[in-house]
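First chain written, first letter: the chains are A, B, C, D and E, and each begins at residue 1.
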Amino acid sequence: MNITDVLFYADAALILGSAVLAVSLRHVLHAALALMMALFSTAGLFLLLHAEFAALVQVLVYIGGVVIFIVYTILLTAHLGEEVPRSHPAKQLGALAGALLFCALLLAVLWAGRAWEVPAAHAADAALAQAGGVKGIGRRLLSAAPDGFLVPFEIVSLLLLAALVGAISIARKPAGDPGEGPK
Amino acid sequence: MNLSTAILLLPDALLLLAPFVVLFVDLFFNPRHEARPVLRALSWVLLAVGGALAAALCCGEREVVFLHAYRVTPWMLWFKVCFTGAALVAARMAEGCFAVADGHPARLTRPGEFFTLLAFAAGGMSVTVSALDLITLFIGLEMATIPLYVLSGFYRRHLDSAEGAMKFIIMGSLATAFVLFGYSLLYGATGHLQFSAIAAYLAEHPGDPLVRAAALFIFTAGAFKLALAPFHMWAPDVYQGAPLPVAAFLSTASKAAAAGFLVVLFYGPLAPVRPALAPVFAAFAAATMLVGNLGSLRQTNFRRFMAYSSIAQAGYLLLGFLAEREYAVGALLYFLVVYLTANLAVFFVYATVRGEDVAAVNGLSRTNPALAAVLMLAFFSLAGIPPLAGFNGKFWLFAAAAGAGRYWLVLFAVLNSVVALYYYMNVIRAAYIEPPAADARPVKLPRADALLLFVLVALLLVLALWPAFNRAVFAAAL
Amino acid sequence: MADPATSWAIAHSWLTLALPLAAFLVNGLALGRRAPRAAAAVAVLANFAAAVVALLVARDYFAAAHPAPLLAWSFPWLELPHFAGGLMLGIGCWLDPIAVMMLVLITVISTLVHLYAAGYLRGDPGFGRFFALLPFFAFAMTGLVIAPDLVQLYIFWELVGLASYLLIGFWYTKPAAVEASKKAFIITRFADAFFLIGIVLVATALGTVQFAAVNAPAAGAALAASPVVFGGHSCSLLALAAVLLFAGAWGKSAMFPLHVWLPDAMEGPTPVSSIIHSATMVVAGVYLTARLFPLFAAAGSALFLAETLGAFTALFAAVMACVQTDIKRVLAYSTLSQLGFMMFALGVADPAAPAGYTASMFHVFTHAFFKSMLFLCAGILIHAAHTNDLLGMGGLRRKLPVTHAATLIGCLALAGIWPLSGFFSKDAILASAWTAGRPWIFAVGLATSLLTAFYMARFYLLAFHGASRAAGRDAHAHEDLLMALPVALLAVPSAAAGWFAEKYFAQHMLPPGLHTAEHAAHAPWVPWLALGAAVAGILYAAWRYGRGFIPSAPKNPAVRLAWNRFYVDELWQVFAHWLMFTLVAAPAKWFDSVVIDGSLDASAWVMQKLGAAQRAWQNGLVQRYLAAMLVGLLALWLLGGLAK
Amino acid sequence: MNLTACLVLAALVFACGVFGMLRNRHIINILISIELMLNAVMINFIAFAHFRAADPTAGSVFVIFIIALTSAEMAVALAVVIALYRQRHPLDVERMKRLHG
Amino acid sequence: MIPTTLTPGALLLSLTWGIPTLTIVALALLPAARTRLIRWVSLGSALLNLALVAGLIAAWPAHRPPLGAEVPLAFAARIPWFDQPHITYFVGVDGISLLMMLLAALIAVCGVLVSWRVEARAKEFFIYMQVLLAGVFGCFISFDLFTFFLFNEVTLIPTYLLIGIFGTGRKEYCAMKLNLMLFAGSALVLVGLLGLYYASGLHTFDLYALAKVRFPADFQHWAFPALFLGFGVLGALFPFHTWSPDGHSSAPTAISMFLAGVHMKLGGYGCLRVAMFLLPEGAREWMNVFLVLATINIIYGAFIAVKQTDLKYINAYSSVSHCGLVLFGYAALNFLGVRGAVLQMFSHGLLTALIFAVIGMIYSRTHTRQIGELGGLMTRLPFIGVAFTLAALAGLGLPGLSGFVAELNVFLGAFARTPVLNKVCTVIAILSIVVTAVYLLRTINKVLHGPAQAKDEGLKDADLAERAAIVILLAGVIVMGVWPRAVTALIDGSIEPIVEQLAR
């Protein structure tokens, strides 16, 4: 067991722990913080796996954008006052059982398909080392070559625009515009 | 890339441009944010797309690949025809909702955003079927979905609308998670995201269990969008909450996109695993038909009713996947085009009479005979009664299942359409036998709408009888 | 004397069929409603012409020393390819002695009855219709007797039944007539169904339906050779086929217990009763039995039935006739009784000693004349007294002299008094029964003769003698010329037919295939015994009714039983109604509406309930939806992943 | 550290997400669970890219796209949450059952 | 070789459904208020069609293919239609289809005539009627199973509306029931057809191409009952017959006539043309079952008719019984049986149309169909009464009218088949004629006979249009009864190949 392993297992424990916390903490804000924790530790895992750029994006965009947005929403809606009540224990138990069953079956399916243990055409170590780096990814993202991702990159910008338009459209205060619907 | 290949890309280019045109018109030429200018802009662009599609189908080459990531072939063009057509009709349907008086439950506002998102969704669908790698496919499908989340929640003052949208988003996200898991497994198994590379890998390792597991996960995305049981439960709630044109779009273009998504994968890179999935298709088809048909019985809310009906139709659609590619794609396209036509016609009639309930068309044959005839023909087409094209569409699909030797499934499907006939005929009964409501009076249909309805109904007959369409879609699939 | 092969009349014997048909069509389509009198004229003339042709046919046919059966003409009607090597059904004319005899009988009596009806129904709103229907009957009956094969026979058999139905129900506004017509049709139809089964059976087994072939010994042998095995029992196909074919005769000739329709049929106009329900149609059953005599004789079963049923019916009907007071019903029961005579005469015959056969045909011949005449007389009486009830008549002999004379002749003929026609034929029948070695049948016949004489004398006395009991209804009693003339004309053969025809019948009326009759030793005492019985009957009647005795409602239970016709009608009613309506139809209807329709409705209900359940399950809670998606995913794995 | 461990980790995280999604009643909690699931998928991608893929860069690229997509989706989802909130609808999925049947 | 273009003959055949189709367009363009014109256009179209069919029949002897021809059809053309699945527009006629077309054309004319008084929504009425006609004619000329099935299904649309809008009684329930049950029957047919398409290995729906294939026994084992039952539902096979009494009784007069007279025959026609013709082994294997079912039909329908009190229900159950005779004839699997069945289809078509027409006329005058409330109508309505009587007589199989000819063939054919079961069933079937007599005579006695009722004073007898309809139908009934060779000459040559195939 070398240092990478130690780091990995520690990180995995962290991820898992914060994931469990994220889904079991009753307070939304706490859950969101736990999620942030989980995502952070995942970024760490990415680093371990030489996916530096992914880790970077994870921290900057995911945590810095999405989770913060969640938190912001929580804060925005918090003064609605009442806490959402706890689920019925039977339901919680059901959810747990469902999740465990799901997990078991998922692992079973993976196990049934454990073809990964036979290594396929693995990338060369050198290539691997820079695969997760900014340079490699940047080149691929903006490349029109057969292995480039220029087209999806362009399209995702459309998607983001669409989401932006949509989110604004829905979230914008309706007070100003003339009545719409009876409610 | 010469002209005859470039022309294949023109429709997509125009379609992806459409939202910007709408936004542009709305921002700069529509200071009062009225519906008509943006609708007109969108309509013209979509008509241009249609023209481009026609041109591409007529004089285009068989294939063009753009930047190694985007491919257009004739069968994809037919899918795009579906998306464009549905968007066009849905847009026209929406116009009435923007025009109704303030306070009417069907009233829509913010036409700029509405039509922009509609165009985005259509564009996303178009991207989905043309994808050549997993990322494009994934992004395309999301682009086809996320605007619809918004559109289904577009009534900002309707709790129903927000509730539907919320359910749609939550369930859609779960489906996304599933499909992403599938992609990750596929990527893990093959080491690539490009379809060509995946196909090459599968050619070498045809029975890779990881790939099959991936295929199952990926199937969920299609199942969700097609509303196959038990992934269907969002559909009735979302349709009911959504504005009518959006429900129409969801039940037509969105299903076509999902079908396209499944075709892209299961007749593309994942073709080798498709035979192994035949029991999945069969079982899901059966369950979906049954659930859809049972749900439709005694529904009073029109959109809910149509949601269940669409679920059942998706069940029939799934039968197509039991056949080999040469047959299946043609049959699916045929079915989709006629299904879309009929469904849009039905929605259009309800949009015209502004009905929330199925009973809104009571006595329609007395007050609006032409509309009633449209409704009747469309429903009979959905039920699969000749000489309407719905009959052929279903027949082709049943033939697909029969060709795979699944006669029991065919029998089950046809018996299901007996149930479907029951509830469709109930609507026809309402229109033709029930007396009209006391305050019912003839609806004045704008000429463009009348023309559109006429075209839709005429299509139902023409597509059924004129073999050129059949030849075209089946030839396109080769 | 013309040779049958070149005879004009035989070649044109289709006219006997075509003329009444033409009259039916012309009257039915055109004249009946607009010009009823013209219709009557057309009908009478057509029948008259047919009668002339028939007489010419008879003359030419019997010109030969041993007239052989011949097919006068035939038109193809329906081909049955691939059936026993191909079979052509046709409409043809098969002439043999009994057919020619019947042909003459039918056309002649028909003409007279038409004439009579023109008087009888004068002023009736259905006058024109009647003169469409009666020629139709003549047409059908003619077709029946000249049929060369079973299918043609069956066709006209049914048409005759139809004519009977329509004519019994001629006064269709009268519920009793309507009921009677329905009853007649259904009961004969019941028998005909078995007849049809018999025809189908014979046709299938033999591949032919021609009488010539069916009656051939080879056919009997072929049928006898193939036993029918059913549930371990076996019986010869021949016996089965014969009984089934006989069933037709059973119904048509109203043998017990299918006799119940005939008395009710008297609801029809009297001319109808006269020709259809006494002289011609009802003897069709006898005729059929005679037609298929060789086949029946080979089988045995059918003749045994004919014999026992005939004898029983003869006695049974005679008993009932003794207590009836409705003038036409008396005659109807008398007809039943005489049909029984004819039937058992056939039953006792056998091909080697065909005396019974001859006697039966002889009786058919004589009976037709005097019975139709008696009915016509009854019609005149009814017109005169405006009632059907014998108790409402009396003392009419002066007002209706011709009728009186004719009735007297008829009654005596029927009673079997020498030298009137009935004596000869009845005597021949009784003799044949005795010589065939059937003493019990003979005894029954003798007893019936006695009863016959009694009730006919009773009939005569009650109608014509004593004081008038009509309470003035008979004030305008008179004899219409159109009605009296046929009666008078019929009186001649009634009186004389037996005398001059006896030899003729003995010579010619033989079963097919037999050319000379081996006349068995005639028991010389039989005629004397028969005559004695008749006289005894008459004397008893004279003693009872000659003194103006009026029968009151019967008190004697035995008489009451006979009066109530032994409750056979009621038994039929109950049985048929119970069987058909309660036992079968009602449960079938219940099954249809409750079980079959119910299961359909139930399946619809189940679908609705399933739909309701499915909608209840869709309860709006998104987490349930999510769980469903998970279930879907698990199902996917199970279907597509784990289950390889 | 090996591929199997990574995959098991991802599966467990995914299962956590499933659990949370089924258990929690607050809409935002459910959204958080979904984020966890997507996170699990990303782990998968990166792990596959590192240990096995012929084209390792693609894994990272896909992850980036997932993040982009997630932000879009979350933006819309949270917008709807706000819309619900604006209509004074509790953010409790068990009370979100106006539409049913 | 069969031409693959629209030859003049094929064009004429197509016109049989083309004329109704064009009429639909014409009627759709007419203003709804001009009911007179609408009626005349409908009548003209029906007469034109009748003339066309008569012309085709006249031309048949000259155009019939020689015996043993591969495709024993006249005016045949096989025009490619769809490529995938492979479907042709394969039209042609043989004697059987000509006879059925004649039936349809006759009843169409009569149907228009008896609908002369339809005023409310007349335009719709006649349009739907023409759709029905188009479907039926198309069905009879189609020899590609897909088009056959298609035309068969076309008839569903108008049926629902005609009954639902213009019917009487529990019309909506009955219309729905009729449609659903027929559609369910089609489900079985559809499965069977697809089975034929694939199991033949030919990927074709061409009837005569499929006929050359010897289908494997295990395929025939399931496909035959599917097809026969499927068509049998339309032919009112027990226990799937209950749509027919309800549906036919609720329909308006002309539609009852057409549904019971022609539409139901599509079922019997399909059983023969498709199920038995293509799957002879299956037919032999299953026929005992269907024999028993058909026997039940015959006797059961008759007994239920005895208990009915509504005139239309009586006739509808009578139809169940008589249509059972069609299937019963098939079950004989020999020439006479099949011929009898075809004759019975024609005969029953005319008859039941006639009776429904008469019932409709009575109903339109007295406003009741309960036999308990009727009586003495012969005095008031002599023409209608005579027609009713004749129809009833033909129904009970009186010789000289059409029913007898058909029954004779059926009985002889069925009895000629060797198994004891056949013989027993034939005996039962023959005995049913007594029950038939009971209910028919009971009906006409109650309705027509007896003293005239005061409330019926002043009823008008049939008008000219109604008389014409009655005369046309009666003429058919009588001609077939008196001169059956006219009909058998038309069909015999076309039954031969089917029977040959059955023996294979």
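Following the convention adopted for this analysis, a contact is a pair of C-beta atoms (placed from the backbone, for glycine too) under 8 Å apart; a residue touches a chain by one contact, two chains touch by 3 or more.
Because the structure is a prediction, the values reported are computed rather than measured.
Chains that touch both subunit C and subunit D are the following: A, B. The chains that touch both subunit A and subunit E are B, C.
Among all pairs of chains, A-D has the largest number of C-beta pairs in contact.
Summarising the inter-chain layout, the chain whose CA centre lies farthest from the centre of subunit E is A. Farthest from subunit D, judged by the mean position of CA atoms in each chain, is C.
Centroids built from CA atoms put subunit D at 6 Å from subunit A. Distance between subunit D and subunit E, defined via averaged C-alpha coordinates, is recorded as 63 Å. One finds 41 Å separating the Cα centroids of subunit B and subunit E. Mean C-alpha position of subunit A lies 100 Å from that of subunit C. Residue positions of subunit D touching 2 or more other chains: 14, 17-18, 21-22, 30-31, 47-49, 52-55, 58-59, 61, 65, 69, 72-73, 76, 79-81, 83, 86-87, 93-94, 96, 98-101. Multi-chain contact residues of subunit C (touching two or more other chains): 615, 618, 620, 622-623, 626-627, 630, 633, 637, 641.
Counting partner chains per residue, subunit A has residues 91, 94, 98, 102, 109-110, 112-114, 116, 120-123, 147, 149, 152, 156, 159, 162-163, 166-170, 174, 183 touching two or more of them. The complete set of chain-chain contacts reads A-B, A-C, A-D, B-C, B-D, B-E, C-D, C-E.
Taken in their complex, subunit C has these residues touching subunit D: 615-616, 618-623, 626-627, 630. Residue ranges of subunit E in contact with subunit C, taken from their complex: 177, 181, 239, 241-242, 300, 303-304, 306-308, 334-336, 376, 378-379, 393, 396, 398-400, 404-405, 408-409, 411-413, 415-416, 420, 426-427, 430-431, 433-435, 437-438, 441-442, 445, 448-452, 484-485, 488, 492, 499.
Listed in rising order, the residues of subunit D touching subunit A in the complex are 1, 3-9, 11-26, 28-29, 31-33, 35-36, 39, 42-43, 46-61, 63-65, 67-76, 78-83, 85-88, 90-92, 94. Remark: subunit B residues 166-167, 170-171, 174-175, 178, 209, 212-213, 215-217, 219-220, 223-224, 228-231, 233-234, 236-237, 276-277, 279-280, 283, 291, 294-299, 419 touch subunit C in the complex. Of all the residues in subunit B, the ones that touch subunit A in their complex are 16, 19, 23, 66-70, 102-103, 105, 107-110, 113, 116-117, 120-121, 123-124, 127, 133, 135-136, 139-140, 142-143, 146-147, 149-151, 153-159, 161, 165, 185, 188-191, 194, 201, 205, 208-213, 216.
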